[in-house]
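The two complexes that follow have chain A in common; it is paired with chain B in the first and with chain C in the second.
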Partner chain A sequence: MSKDMMRAFELYQPDSVENAVELLGRFGADGWAMAGGNDTLDWFKDRVKYAGSVVDLSGVEGLSGIRETADGVEIGAMTTLTEIEASPLIQERYSVLADSARRVASPQIRNTGTIGGNVAQDTRCWYYRYGVDCYRAGGNSCYADTPQGQNREHCLWGADRCIAVTPSDTAPALVVLDARMAIVNADGEREVPAEEFFIGPEIDIERMTVLEPGDLLTAIRIPNDWAGAQFYFEKVADRNTWDFPLVNIASAMFVEGGAVSRIRMAAGAVECVPRRLSVVEEIVTGSAPDEETAALAGQAAVRGATPFNYNHFKIPLLENLVKRAIRDS
Partner chain B sequence: MAYTLLGKDFTPPDVRAKVTGSAKYTEDFRAEGMAFCKLLLSPAPHARVTNVDVSAVLEMEGVLGVLQASELRAPPPPVEPALTDEPLFVGQPILAVAAENETIASDALDAITYDLEPLPFTVDPLEALYPGGPSARQDGNAAVVNYGNTVVETRHWTAQDFAAAGDGQLPTGEPNMEWSYGDVDQALADAALVLDESFVTAGLAHHSMEPRTTMAYWENGKCHLHGSVQSQSFSMPILAGMLGMEQEDIVFVSEYCGGGFGSKAVPFPSMAIPVNLSRKIGRPVMMRLTRHEEYYLGLARTGMQGRIRLGFNADGRVTAADLFLIQENGPHAGFPNLTGAAAGVSAMYQPESMRFRGVGVFTNTPPRMAQRGPGYNEMSAAIEPLIDKAARELDLDRLAIRMINAPGEGATVGPQRTPLTSAFLPEALTMAAEQFNWEERKALSGQRNGSKVTGVGVGLAYHPAGNNGFDGLVRLTPEGKLHIHTGVGNLGTYSHSATSRVAAEVLKCDWADCIIERGDSRRHLPHNQGQFGSNTSFTMSRTNYVAAMDAVAKLKEIAAMDLGGSPGDYDIGGHRVFARDDESKFLTYPDAAARAIELGGKFSGEEAPEDINPTTQMAVAGLAGTGLIGVARDNIELNGQPAAHVAGCAQVELDVETGLVEVVDYAAAVDCGTVVHPMSLATQTKGGAVMGIGMARYERHIYDRQNGLPGNIGFHQAKPPSYLDVPAEMQTGAVDMPDPENPVGIKGMGEPVMGAGLAAVLNAISDAMGGHVFNRTPVTTDMIVNALAGQEQSHGPLDVNTA
Partner chain C sequence: MTDEKTLVSGIDIPSPASATDDGGVLGTIGRVGASRRQFIKGVISSGAAVSSAGYVFGGMAGCATEEAPMAGGVERLISLNVNGETRRVDVLPYETLAMTLRYKLGLTGTKLGCDRAECGACTVLLDGVSTYSCSTLTHTVRGRAIRTVEGLEGPNGELHPVQQAMIDELGPQCGFCTPGQVMAAVALLEANPSPTRDEARFALSGNLCRCGAYDHYLNSVMRAAQSA
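Entry: the complex of A and B
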């Protein structure tokens, strides 16, 4: 039962990446990296999840800010969504990311919510958040995947015991931009492509990303490859603010001589990970981005979608969003 | 009639505190030695709680005590108890722990052990009515719902009843309440058009901004209680009954109430918890309810499954209305939305014949209470789209079909066909249509711009709007102030001040010299109607009128005594009572007040009228000797039912590819009698429309049927509309026609302003989609996407509590 009252925990406030990583390594599974706190404190207040040692990243030097690099842009993981949506650099080169950040939650949440927290947040399946003992919570059932389960927000692909979806608006944009996620732990730094950063239940049912205890996401690096492309981002949610996507779509496209020369497209909230729409990319490349191509792309995008009792609306919705991404970007 | 104060904007005295943050809501109060309490809530929808072991908890440092259900007075079933050993919904409080702080109290809850023996439960009224269906309560599955007197019964319909309904239509077995007038069957047989439609309006939360926090302490045998309740003095006898105390032993402070929308209309069961815990542990106890808890036990609007057969003649006149309603009543006493709904249909369309049948059904979902326009607004949602459908089938203009049925002169309501005191819906319709420019706008209907289609809609709503028989109390002091004692609560509409201005108007007092006494029972407040039912403006303008008239009469009596002549020779003005034929003969109000104190008796409140309520008797006794007391019961005749009507027009842009709907414009006109406070009227008209948009588009209970778990227990899950989901600008207006049964012409209007917005938006959505599609609220984005894609809806036509 939710109680809106946190249990006591030890709070650590490191001022450097080195210290943060040392703390996270030391505490392992009992440690918790906290960015803006919007996801963390919900879990804690509801007493559904708990960590004895919370590492508050807000004072860590070098984790915040948007920097131009030799081959693109590096965004510190603690950069707020507000900073990203307002950044002239991001708007100019990667407007799909600024647009997606602008559609996250509400202005208040974007002021405290970070890009790192947005991509690392847990799924919003209401059963799981409620605190039931489902697969993802270490139990042995899925409450959403029952004949009467209320699964309106759940997946069309990738069901594997758990049918929850990625709730992030920025994640599909980062996949489209082929962003690299910089992860530091006691062994040093590694870079993981955004597409591989997010993981489904078939890999680990209790995690949404590759981040493991001891890991710290420090930065997101966006290469120049897609800078200045024709971008498209759209999120369909019940409300125009403070809502998670029913479906969202991000795409980046270059058109040469009237035909699509390169394209990447990804959809959120239809699978546990941002769904890269490779089949759409294949079909569209070489064609004019017109109504006919858009229609074909939409049809291709939803092939194989397997809805549950309350979410088959996502199929025409995704089809239409893919169409719009081709037609209107 | 020209008034000095009425109809003019003013700054209510509590605005500054609200804007600056200095207003003290319950949670802001502190008392010496105050402890906190937290509630152990039921994780199960229906269970028996046994083997509760709190021994470990009582040993914990900082834990001060535990309160269990057996220690409280149990109200007669099906009234909701404050604590229970047989929870009937997820989130019902089982016991409470008091501790030095909330963290300790929460840790203590985790240390309590108990067993739960599951009992049958249901979140589906039709299942409960089916032969052998689950019963939400052990003593019955169905309810004859009456406010304050709901009766539990066992009622199952036959399998034949269900089979006879036909696909997607509501079964109509034996009801447990019904009324009728005229020959409905004959009228339907003779009708040019008959619509027979089943519908669902979803139950939904009130989500008041301020959760129902309560703080209590005991001092010299009196219980001091801070609470977030909409009504002030109306709460006193209810609190006394609920707590088993004498009213004079209760001090009740509720100066501010951060939203109630009906859910805090009267004191609620959980208020008893800190009162009793405080008495038990001998310390003040603060019980802050959290947002989650507010969704669990903060009450909710009932859900409706309904069926209506409407008969029309070729002109569009409603000749017959045959309404059947199943009310999802939650597990406790609930609120009779269904009887309001029936009255609403009779008032809104003035059908020539009508039959109402209904049944209340218990479900293991949150307890229900009135929510803004209870039942009435559900009918705006359910029936208004059918009026549009009839207009299309009869080839009539949507405005015209409403005009032909709209209540005007001679309008009645309900089975007794009680006359409405006034009804100016045709005027309101005309005004709303003019503001909205309906004639031109309707040409936009169906216009396509890219993927967006324009839709326009008009919607109506009705609500009763006043009562009588309550008391007024004013006091003129030797300091020259008019103290207006009002028992009106502070639910956010400023009606405490707006109605007080009637007393100032009658006494011709400068507003700057008026002091409103309210919000604390120690301020000697009269028996006033509660702040619900759109009735404050009508009812307490009358009480303030009679109290002020009593003060005027006493002023004249004193003047006649001191200055000669008879009271009839005197008039008032400029804070003086003066001889009409010689204005040099006068007493100032301060002088008259001083004389009243000298004279004593009725003049200074040493004596009070016998017909006033005990609450007012106490208030007058408390004020005796402090000034000239004006006090009276509202014995002015009341012929008929005061009634408020609203017409609204909306324009939407519906995206056929995403199902998203943008409400781009809204205009509404209100029939609320004389306008007393224009700014508040406009604010409420807009705010009501916002709430209507929420009910039209987003808000509904979702329950997991297998486990009885609630799916929306937070703001972001329950989805009240945001700023970005409503038009940036809305137009409002009032027909401003005085009601003949109110001395200053005022009627209420707080509730139908929601229904009109709700119906107008639903109808605009249908218009954009080319005609009537949904017999359901809310119309969510997924429903629109499914409909446009030609897909079946995920939910069955009569399903409730589903996405």
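Entry: the complex of A and C
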């Protein structure tokens, strides 16, 4: 069934953050911030979501580009994934982010898809995207969590009525880098750590992030803390192009005198939010990043995983990715 | 705001009040008001009508929105820079570049496969960068240099080296994906005139071929790189 005709909306093209925020504040829940439009237009074409007033961010000055700051790097929310993967600064200091951006979708999507849109995108649970009246859509059932439910892509942790997962490839990298998300609305700017930016159903079942109507993500700030660490990123998906992660992993670690002195690790597509693997970080710190440590870390990482009918495979997958992140980074 | 009924004329949209909550999966789709998510009533049940409206988009554009845009919204009459020419065109706020190119400007070399950023048939170049025109709103590319497969033609009608190489290497089979493959290859070779085969594979990875002519396309790109 083709549903390609979008419902009419009005399009606004502000040229400054101030004007964009004014418009988004004015339209509230009927407004929609549009960056590259890759996710946005799918929702509109499928007629599952709608906004009467779309605010195109492409002409907003100051939202795009990668800048060095006193304590790190600031990436404008409208910076494309291609720009990030190709940036010498990002490659040199935060290669985990460049590597994750390179694994998103397809070349053309990365050419127009922005980092802001990538972190703010909605989940890919196909029941939800099809438009069924599930918990996340304001209803009172989950179609994925049933005996017949097709839940191969769904979560291992954090099920709370909804069992959808975070789809973003860059999100785990940003959590690992301890990035800060700069959000502006009519009341001013606030900064939220990446780890708190993504939220699960227990906080709000209808959103994937703290962003609310009227909010504009303006920049992602990456502190120097993890610059130049030994990084690892790996994504496993059905196809190398287009497909969302079945599991992805990002890690940053420093090794001193043969032992891990500091490490941060996060996995995507196993929970509604990027899953920080604190237990791994604890086990590994102080040990040599060898085969034995890696094996222990892998086992610890998957403890407590609660699979559904079709996603048991994610458990050994995550275990192996954790092992590799420690052994091969 | 624009009335749904003036948009897709002829489709009867049930009122939110008639929605039922207990009709199983399909029955509950499209609750408006009752649902916290902003569904559009009745669209799924009248999907056939919607799709035909989509395909006669060009002809129906005039009747799609009779109302003037709300104050502050984009002007519909805009200039686009397409294949080096300035084209004046009346563009709806929610119109994709693929729609404008094909149904307003007659540039049907750009194909629509999936209309969902999932196949690459609609690939065009924006300032030399490969882009899915099905997933780009036309109003967002004012002031950019848009290039389509029609714009590759030389001054005397000769083919672009990539097109010639595709003929020489028997690149396409049915040809539907070809304009997209050509544009992706042109973008690659302009940025990187002598790619490795792997680089070419990566650059063309956003273009599906239903006929599976991938290797032939790669041969073509490598030949074009040598001949350029």
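The criterion applied here is as follows: the second predicted complex is superposed on the first by the 327 of 329 C-alpha atoms of A that agree within 3 Å, B and C clash if a C-alpha of one lies under 4 Å from a C-alpha of the other, contacts with A are read in each partner's own complex, and residues count from 1 in each chain.
Everything below uses one rule, namely that a residue touches a chain if its C-beta (ideal position, glycine included) is under 8 Å from a C-beta of that chain, and two chains touch if they have at least 3 such contacts.
Treat the numbers as computed from the prediction; the structure is a model and nothing was measured.
In the superposed model, A:320 makes contact with chain B only, not with chain C. Touch criterion met: A:143 reaches chain B and chain C at once. Using the contact criterion defined above for the overlaid structures, shared-chain residue A:152 touches chain B, although it does not reach chain C. Once the two complexes are overlaid on the shared chain, A:69 sits clear of chain B and of chain C alike.
Touch criterion not met for A:261: it reaches neither chain B nor chain C. When the shared chain is aligned, no partner comes close enough to touch A:278: not chain B, not chain C. Judged by the touch definition given at the top, the superposed model places A:242 against both chain B and chain C.
Touch criterion met: A:310 reaches chain B, while chain C stays clear of it. By the document's definition of touching, both partners, chain B and chain C, reach A:8. The intersection of chain A residues touching chain B with those touching chain C, taken from the two complexes, comprises 1-8, 47, 106, 132, 143, 240-242.
Listed in rising order, the residues of chain C touching chain A in the complex are 1-2, 4, 6-8, 21, 25, 28-31, 35-40, 43-44, 47-48, 50-51, 53-55, 57, 64-65, 69-70, 72-74, 92-94, 96, 115-118, 120, 123, 129-132, 135-137, 139-140, 184, 202-203, 205-206. Residues of chain A touching chain B in their complex: 1-8, 46-47, 106, 126-127, 130, 132, 143, 146, 148-152, 234, 236, 238-244, 246, 309-313, 315-317, 320-321, 323-324.
Chain B meets chain A in the complex at residues 38, 41, 43, 91, 102-103, 105-107, 109-110, 290-293, 451, 657-660, 697-698, 702-707, 709, 711-713, 715-717, 719, 721-725, 780-783, 785-786, 788-789, 791, 794-795, 802-803.
On chain A, the positions that touch chain C within their shared complex are 1-13, 23, 29, 34, 37-38, 41-42, 44-45, 47-54, 56, 58, 82, 105-109, 111-112, 131-133, 137-139, 143, 206, 240-242.
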